[in-house]
Every structure is written in C-alpha cells, then in structure tokens.
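Data first, discussion second: the structure below is written as structure tokens.
The letters A, B, C and D name the chains in turn, as written, and every chain counts its residues from 1.
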Amino acid sequence: MSYIVYPGAHHTRFQHALGAMFLMQKAVYALRTKGIQISEAEHEALLVAILLHDIGHGPFSHAMEHSIVEDVDHEYLSLAFMKKLNEECNGALDTAIAIFTNRYPRKFMHQLVSGQLDMDRLDYLRRDSFYTGVSEGAVNTERLITMLNVHDDTLVVEEKGIYSVEKFIVARRLMYWQVYLHKTSLVAEQLLLRLLKRAKEVTQAGATLPATPALQFFLTTTITKRTFSSEVLEQFSKLDDYDIVSAIKMWVSAEDTVLRTIAKMLLNRDLLKVKLKKNPVTVARMHSKKRALMQRDHLSEAEASYFVFQGEISNLAYRMDHNAIHLLKKNGKMIDVAKASDQLNIEALSKTVIKYYLCYPKSL
Amino acid sequence: MSYIVYPGAHHTRFQHALGAMFLMQKAVYALRTKGIQISEAEHEALLVAILLHDIGHGPFSHAMEHSIVEDVDHEYLSLAFMKKLNEECNGALDTAIAIFTNRYPRKFMHQLVSGQLDMDRLDYLRRDSFYTGVSEGAVNTERLITMLNVHDDTLVVEEKGIYSVEKFIVARRLMYWQVYLHKTSLVAEQLLLRLLKRAKEVTQAGATLPATPALQFFLTTTITKRTFSSEVLEQFSKLDDYDIVSAIKMWVSAEDTVLRTIAKMLLNRDLLKVKLKKNPVTVARMHSKKRALMQRDHLSEAEASYFVFQGEISNLAYRMDHNAIHLLKKNGKMIDVAKASDQLNIEALSKTVIKYYLCYPKSL
Amino acid sequence: MSYIVYPGAHHTRFQHALGAMFLMQKAVYALRTKGIQISEAEHEALLVAILLHDIGHGPFSHAMEHSIVEDVDHEYLSLAFMKKLNEECNGALDTAIAIFTNRYPRKFMHQLVSGQLDMDRLDYLRRDSFYTGVSEGAVNTERLITMLNVHDDTLVVEEKGIYSVEKFIVARRLMYWQVYLHKTSLVAEQLLLRLLKRAKEVTQAGATLPATPALQFFLTTTITKRTFSSEVLEQFSKLDDYDIVSAIKMWVSAEDTVLRTIAKMLLNRDLLKVKLKKNPVTVARMHSKKRALMQRDHLSEAEASYFVFQGEISNLAYRMDHNAIHLLKKNGKMIDVAKASDQLNIEALSKTVIKYYLCYPKSL
Amino acid sequence: MSYIVYPGAHHTRFQHALGAMFLMQKAVYALRTKGIQISEAEHEALLVAILLHDIGHGPFSHAMEHSIVEDVDHEYLSLAFMKKLNEECNGALDTAIAIFTNRYPRKFMHQLVSGQLDMDRLDYLRRDSFYTGVSEGAVNTERLITMLNVHDDTLVVEEKGIYSVEKFIVARRLMYWQVYLHKTSLVAEQLLLRLLKRAKEVTQAGATLPATPALQFFLTTTITKRTFSSEVLEQFSKLDDYDIVSAIKMWVSAEDTVLRTIAKMLLNRDLLKVKLKKNPVTVARMHSKKRALMQRDHLSEAEASYFVFQGEISNLAYRMDHNAIHLLKKNGKMIDVAKASDQLNIEALSKTVIKYYLCYPKSL
C-alpha cells in the first residue's frame, strides 16, 4: 500500500524477481573471479531459486495472509509452486529447491538467496528507494557484490567493505521506518486486512459478494495446510491485485455497513487516524475510543473493533546470530561486522525497536 | 501496454498529472522572474488546467476509444469532467476551462497546457524515459523551462536554448519509435482493442459476460455525443485498469472462441506475430494469411479478421505550423526553430514518418 | 591529495564555495517559507559569509599549515581576507563577519555557516561523494534543507528528519575513513608537508630553490600572527596549487637529497609504505625501522626522520555538545538527535575513533 | 579552458584515458559475446592503444600547437611516445602501434580506437557532459557498446540501435556548440595561444621570462619535425598545466605590455568581447576596431593585433564517408546510418557548420 504515500511506488514483484536474478548473475561472476568454484548447474539453480523465491507472495501479501489464507504463509506457497514446477520439469529444479530450503551442502548458496545480505534484499532496497524517491535508502549494490567472497562455506564481505555494510544496514533501517512501516501505509494495510476478513465472514454467513472467480474461491473456502491441494494452488496462482482492487471498487455498494465503509475508505484514500507511540496503548484509552464510536454510530462492539484497534510494529536493523554478516579480515579470519572495532553503532542497531499504534476514525 | 516490453513502465496517469502540475509551477516561477505578469488567479487556473488535462483518458485509453466508447474521445471527456467540477465549485474553474479550450485571451497560457513544448509533454517524456530505462529519451526539463519566455503573447524559448530544443525533438522521436510505437506494445494494444470490441458485440448479441458493473455499463450501452449524460460520465469515472484487467482474466473462460483466445493471448503475453514495413501490406498477402487461418482453424472470415489484420503507424517529430516552437532571438525577433540557421535537421524532422504493420498468428 | 586514490577528485575550492552559497540560498528560502524572518541584508550577509568561509585555505591547506605558514591557520586567514574586503567595501561585510565570528545576535545564522549541519558540510560531502564516485557518501541535501527550521534561535531539523540526519552522520563517517583519511592520501599529504618543511629549512640555510615568487616569499619569510601584515596577505592570495606543484616538478632536480627524494616520490606517485593500526606504534619498532634506513642509505637520524615516521588520525562522526544537531519534536521541544529514542547508534557514533600509522620506505 | 564557463569541468586527460580503456574492455567483451574472435594479445594491444591515444596532447593542447610547438601535432607526439615506450619494452607495443596507425590487418580494431564511434569519443562526450552539467550531451555508452558488432571487418551498430546513434550524433553536436566551441572558452583559448606566441617572440628577442625549466626549453627552442629529438620528447613529457598556469601567474608582472596584459586578462578572467556571426567579419570592421585601439592605447598595429582579431570555427556532426557509422541490418547488409530510411536529419547533420568570430577589448 506504499503507493498511497509514495505515488511512484507502483513497481511489481515481477520486476523485483528479474532484478534479484540480475544481481545473482553479478554475484556469481564476482565470486568466480575470486576463485570460488560454481558449476553451471549450480549457477542455474541459484538463478532459479532467486527468481522464484517470492512467487508465493499473493497480492497485498501481508493483508491476505492474515485474513483469507491464514494458515499458509508465502514461504509455504513459494515452495509449493517450486515443487509443482519441478514435477512438470522432471526434477530440473531439484538443486534450486535444495538451495532454497537450505538443504544443499554448500551453505553459502542459501545465504545468497536468503540471508542478511542476499540478492533479494539488495534488489528490493535499491528498487524501493528508486521508485519511492527516498534516496537515502539507496544501496550501492554493485560495490557490495564486488566485495563478496566465500570463506569456510560462508558468504563474507571483504574487510574494506565495512563502511558499505554499515551504510547498507542504516539504509535498510531507514527504509523500514520511512517507507515499509510508514503509518499511512500501515493503516491502509490494516484496513485491507479487515476488509478481506469481513468479506469472508459475510460470505460464510451466507451472503454473496461480487468478486472474481478466484477471489470468490478464497472467500468461500477455508485454507489449511492439512487440506491444501493442487486446486488451491491453481486458484491462488490466478489471484492478483486486479482481483482485490476490483473487489474493493464493487464493495463500495455492499449491503454490509462495515464492508462498505472500509471499501470507501480505501478507495477514497480517506483512512483512519493513526497514532504512533513508544509505549503500548492503555486498555482504558482503547475502550474510551471504542465506546465513543459505538454510541455515536450505533455499532456493536464487534463492528466498532473494525475501526478502533491497536497493534505494534517492530524492526531489527541487524541480527547478531549465526546468520550475521561476516567480514573477512586480511589475516584470513572472519568476524561479525557488529564486532569489528569502531562499529559500536552496528551493535547498537542490533536491538529490536518496537512502536505501538492506535487507529480510530478521524471524526472521533 | 508498454509494460509488456519494459517491465518497469508501471507508472500511473495520476503521477503524470502531479508531475505536469509540478512543472507548471516551475514554468510560472521562471516566467515571472523574467517580468511576465501572471496573476494568482491565472497561476491557479494553469495548475488546475494541467492537473485535469488528461482526466478524460480512460484505462488503456486508445484501445477503449476505438472499441467501446467510440464516439467520445478523451478531450471531450476531459472537458466534461472539468465542466462537472466547475458546476460543483460554482464557477471556480472558469479560467482553467478557458485556458484549456484556448478561449482565454492570453494565448501563451494555452500553449503551456497544450502545445509542442507544453508541460504535459515535458513530464511524460521524462517520466516514461525514467521508468522504461530508455535513457536516450531523457529530457532536461529544468533547463528547457528556465529558457522559456513570452513574446507577443507567444510561448518562446530563448535563442541559446536551440540545441536543447533540438535534443527534445530528437528524444521525443526516439521515444515514439522505441517505446510508444514498439511493435510488441502495438500488437498488444490492437488485441485489447479487438477484445473489447468483441466483448461488446457478444454482449449486444444477448450474452452476459462477467464484468464489473462499470464495465458492464459500457458493454451494454452505446455511447454517443448526442446521448451523453451525467450518468455516462459517472460510470466512466468508475472505470479503471482494474475493471479491464480483471475482465481479461475472467474472459479466458468465456464461451466465445474469439474472446477467449484473445484474452488468453493477453494474459499469457503470447501475442500475434507482427511485421513492420516501409511499404503498405499488399491485399494479396493479407488474403493469403487470412485464408490459411480460416482453413486451419475452421473460422469465418469475420472471426479470422480478429487475428490477421494490418494497419499503419505514423509519427511527426516536429510540426512546422502556427504552433511551431519559436525561438526568441537576441534582437527581439521570433523564429521557428526549424528555420534557424544550422538546424536543417529539425526541418528534416518535420516530415511525417509512416510505417505499416501486418499481424497474424505465430503458428501460421 | 585524494586524487591520487580517486582520479576523479579534481574539483576546486571555488566550486565548493559556489555550491555552499547555492545551498544557503535554498536554506534561506526554506526557512522563510516556515515563517522565519530573514531580512534581505541578513540574506546577503549569509551568502557572503558562506562564500568566503574557506577563502583562507591555501593550496594543500593542511600540509601548508603545518610547514610554511605554521602560526596562522585558515580561519585566521579567512577572517583577514574578509576584513580586507570589508575595508575596501566600506563596511559592506560587517554583518557577514559578525555571523562568521558568531558575534551576530541571531545565533542560528552562525550555525548555517559553521555547525554540525552547515551548508559547508552539506556541500562538500555531496560534492566529494560525486567526484570520487564513493556513492555511499552521498547526502540528500535537498531533503535535509527542506526539513530545517529555527527554534529558540537554534537551527533544528524537524522530527521526521531523524533518519536522514542519521544517514548524514553515517555518510560523513564513511567519507572520512574511505576518502579523507585514506591511507594513501594520508602518506602523500605527510610527504608534501615534509617537502615544504624541508624546502623552508634548506632555503633558510642559504640555498636558493627554484620557485614562483609567491612561494619564494613563504620559503624565505617566517609568518607569525604578531608580524602578520597586509603584504603577507597579498602574497598568500597569490599562492595556489600551481605554485606548489610546479615547485615539486622542479625540485626533482634539487641538490638536497631529502628534498629531491620526496619530490620524486610525489611526482611519480611512488610513496612510502603505510601501516594503519588500532594501537600506537611502539618506540622500538620506529627505531628499528629508522636505524635500518640510516645504515642502508647512509643518512643522519634527522634525514631518516623524513622517511620513517608515525602519527595518529582520528575522527568523531558526531559531537554531542551544545552544538549538537537538534530535532524539533511535534510537541515543540528540542532534543539532541543522539538522545532521540531508537538512535542508540548515533550515541555510539559520538565516540572519537583513533587510528595510528607508521610510514617507512617500501624497499625497507 | 572550458572551466571558465563550466566551473565543474576540471577533469584530467588521465581520467579520460582510463575511462576510454574501461570502455574498450566492455567493447571487447561485447564483441566476443557475439562470436568475434579477439585474441588476448589483440585485447591487450587495444587497451594499450586507447590508453595512449592522447598521450601526445600537451597542456592546453590547441593553444600550444598553434604557438610554441607549431610544427608537431599531438598525433605525431602520441606516436613518438608509443615508439619510445615500445623500444623500452622490446617491441611489446608493436600491435598497439599497428592498430593506432591503422596498419593492422583487422581494420575494425582501428575503428574502435579512432573512428566516428570510437571509445575515445564515447568516453569524452559522457565525461564532459557529466562534469560540465550539460546533461543534454549525455550518451548512453553502455547501450551503444552492447549494440556493436563487426561485419566484413567493419565496426557496425545493430539496426535496432539506429535511434541511439542518432541521439549520439545530436549530443555530440550539442556538446560542440555548447561547450567545446563556447565563445568564452574560445576567446580564452585564443588569448592563451597569443600569450604563448608572444612569450616565445619576446624570449627569442633576447628577454628572459620567468618559467619552469620545461617551459623555458620550448620558449627558447624552435621545434620542427626535422630536428625532433628524444630530448624534445623528454622535455615535452615534463610539461603540464602547472608549467603554463604558473607562468601566466608570473607574467602578470612582465615588462612587455602585451604579455602582461594578456596574462592579467586570463588570470582575472576578464577577457575580450567576442561576437559570433553567420557571415565572415568584413575587413572594414576589423580595421576600424583595430585603429580605434591603436589610437586610444598608443599601440602599433602588430601589438593591436593581439587584442583585435577574427577567425572561424566549424563543426561537422557526422561525416558520410568511408568511415561512416554503419548499421548492420537484419538481412545482413550494412548501410550508412545517414542513409537509413527515416534518418533524413542525420543526412542534414552531415553538412559542416561554420561560424565567424570577432574579438576586441570590451572597453572599445
């Protein structure tokens, strides 16, 4: 929903997948130049793994995962798609899947696909910075890739890249708070999540909402890992932004007040008020807002909960664990970038930051 | 349909309208700096006129105008929207409308909104160059705007800007042939046009196609200027890309073979073959292709015409008429940029270039 | 000397002064937009102050200040130039000088000229990042300036700019270690400093070295604040890179071995070896290197000290004192950016980092 | 002298040589990808040839060639340097020299070094556009190089690159008129040329001017191809901008009025007035200006000729001859880009444009 705040942010997941694959090509070239052996089959598997790593993301992924496809997350779905393709291609994706699921013996390959400095992150940070115009989030991907190396089967950055890594971590943090967790995008996403949830409730209570066949399927069907089938996968593959947005546009005429009101809010970009705080919202405050709305608009508590709610958002800029970003020192030793002398601030960035939000109608 | 060729080209008309308005602000500032009097009311009217100049463009505008809203073009619709808003705002748009329709006494203002060097072109060339990555099409809008002036109520460029104007014309030509008239986008647009035409025929023959209410309205209603009403305008305002694309997605299961086939082609990006030529396609060649398809797939000639067709595209990089781009010489005289000494090549660019195309199934 | 490492870094102080003045114009415009009253006279004074703030920097400023114009630093000289101009202009620079020396009642104006977020820094960071190609050091100056404000006569950044300020501090740190304190530039500068010192010694011992008249003046004259005169100022104004570099080129044929050797090193870019360490170099290590050189090349200890020496470099990315960068919170309070919640890493960046270096001939 | 107009234009010939070599690497890579065989020895020779192609350019090359080293141009000198190096390296530059002098059997290699689309031009256009800020002159070198190919031992551009080639030619023309032949740079260069000429005359008449040893050599020695020696080459190699500019600075105190006046003009950037015209300056006009100056300042006609003079500048954007830029059509045929249909304007650009200038003191 970032386009509500940044009108230029209209790029697609398809572009991102192509971009990440392009960076993977560069990374393989850079590593080979340094003497790391990567076979042609491994090269291809890396390209396939990164091309497909996000294929399980549905439209407005986060909102969908917490409303109509609750039990299966995008990693589960990405893997399901890869397995399906693998069947159709007679095992041609075996290595790609092994790398994706971290079961390939050469661990550094998984790190290129999924780690704290993987091609996914390098592409999306730069791409999102470019399209939003938040130039502070730009990352010098070429230089970072040029400084990659492999040591003890671990992806490392050469020591001289220390400041570039620091810059990368800071840029990533900045993009989180300034773009991904922007409070206006946040409330839009929360409203979309509630719209889809409500639509499913209304449907399962017997009403028929206008919707494309693919979306209709997910409104009427409860998806669980246990009952997951190839039909679900096929229907899922048909679902995209066009199904969701055309539904929002039709639901502005829905009978159900809650559904209709949220659809109008999203379509007219006239969202709820949102307050961001360092401390959790008190129960008393929530209750007072909710009661006020119930009285004014004659709503039940359940209905009011769609418009008055709280939550938290958090971000960890850098994680100091076994998946840390490692520097390769000139003496051949590896060291967690956060522990390199003079990098006290990366250590400081290794603490999770939590913010709390409260949403309620502007008119309240 | 350019995103089929240039995956980054996913920007919106909304962004473009904001961008053109931003440039208009700069242009007003630049002209005032040079002593051109522009009142606050005129300034506002210029901003409104450029903000709304494209509001009558529907989704996939060109395809729609030649299929389901044949008789009313986007200029007609833009003006209709402005008049509607003007009513609602008690005449606040009077000046903006006068400028837009070139009935305002100060003619240079219309040229800022609609001319060979207007803010519309300056924004879309730069924006499209940026998003497609065709960097040769980039235009130095800041510099061009800085060199604008007004002489005898005509928008002019200062003499020293001659090479920048030339570069602008060449960049525009390049964008036409490399992006806007790219043969793959061209065939995609032609197919979409035929899809919508067919959908309307099928609907008017009695069938009911799945479609959002707004699109349904246009499939079932014939729009003419004579019967144009505020209801048509309201329905039109509800129509956007989401209606069209979600329809394409649903029509891949349509009963009608032509409709279903075209929808699949568009969805799977598996389009017709297209040949670009300097000379018109001969009747014999067309016939031979069409007959081959009729026989192979047991189609009527009318049906085959959806998949075998010809046409022409043309582009005029620069028009030498009363709307020419004028240079203001240091001696205070104006001159058509194409006639400035040493600019023989702009004169050469003032000739319309026509290319002819023939489309037919790849399998043929 | 950065151009030895970054061949593109050939920009001039003149460009920087123009650039900083350009940013000052933007800053004044941004502050006025927010209601801060800045008179035309103050505006002009700010432009003059920033245009001239660096005018006392001689060629290869740091090397010169520690060799041939030891007792007068560039701030002293900048002020001397401004006073001279002020005399010639009958006091037209009074306000500019008051702002420059922080004696103007409105303190925020001095902060625009000289502070942790002044127009000087904003320009040089961006400019140096651009010309060296170290894109990680780029700073989004437009956005930072847009977010400036004044509160209680203190220059502040609006709260929402917190991540941009963080990015600015990190970028600045990166530029220090990667460019300004790069070990190759460092040793080049140390050698130039020693070359000039030696040239002065040799001259004062009676030899005549080829040199331009302006450089000759400084080789033969000892400059102190006490004996500082308008003649010194005039001679200083004639001195630039061309005097120094043409001297280096001529001194490769000097009789004095030390002078000749250093001149050759600089001209042929064949410098000393330099080791950077976290801990100070031990006296024993220095001695051992120096003795080795003395024996091998039959040099006195004084001579050997020109080629074997140690030192330290340090950088403080952000200073938490009364000149801190202050954020203006929405509730109207100011807060040091390092103390804003979630900014532990800026606090971490407020610790001075020291590195130690040892230089000696490569052949040793 | 472009930095007088564009303060950012302070880049060096060293950077340009490195840049052109970098592009050559890319070109070799692109051609090999298309199956063109280029041996490692040829690759190295191409890199050496492009790295050294401009080494014979002295400081302010054009001014010097027409004043103090009249008889030997930069191509002669580049070759002399290469031969010298070749001797020192026992023939290691044989192939590079053969390519440079177009005596290598594979002609396309010479075209990469010296042709209408060589790596030299591609680098300097982009570099100069970047440093001057004249963004209209930017060339998409990556894309042009990607579209290179070799056909019949001729360097060609693939047909689809037609608009990029057009854009390149237009950009080049723009850079000529807007930067290289800018009238202020032009007059500065003409003055420098006259300064050096006068310095040589004065020296040869017996006076001794302050100058670095290398410059002194050229003031006292007449250089001809016949008497060209390795000593001349060595002295020439020592000459750079620092010799010329430090001389200008010292000559502002010269006894000779003409020399002193020109030196001051250059140092204070207070140049002559320059008029650019489409038609040649009439003899009468020249005479009238010259006589006016002679009378006012009591100068001889010879002296006055240093301050009142005329000349012409010309530029040919594209040359249609055997060295034309060829397109490789899909049918395997080559065609001069100017003759490709729809490229009438390139044909128009194949006409030499001449402009005439007259310079005289502003005060006249």
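The rule is short, and it goes like this: a contact is a pair of C-beta atoms (placed from the backbone, for glycine too) under 8 Å apart; a residue touches a chain by one contact, two chains touch by 3 or more.
Keep in mind it's a predicted model, so treat the numbers as computed, not measured.
Summarising the inter-chain layout, the chain whose CA centre lies farthest from the centre of chain C is B. As a whole-number value, the distance joining the C-alpha centres of chain A and chain C reads 44 Å.
Averaged Cα coordinates give chain A a centre that lies 53 Å from the centre of chain D.
Distance between chain centres (mean CA atoms), chain C to chain D: 35 Å.
Residue numbers of chain B whose C-beta contacts span two or more other chains: none are found.
Chains touching one another form the pairs A-B, A-C, B-D, C-D. Touching chain D in their complex are the following residues of chain B: 135-136, 138, 140, 143, 163-164, 166-167, 170-171, 173-174, 177-178, 278, 341-342, 344-349, 351, 353. Listed in rising order, the residues of chain D touching chain C in the complex are 7-8, 10-12, 14-15, 18, 210, 212-214, 238, 240-243, 245-246, 249-250, 253.
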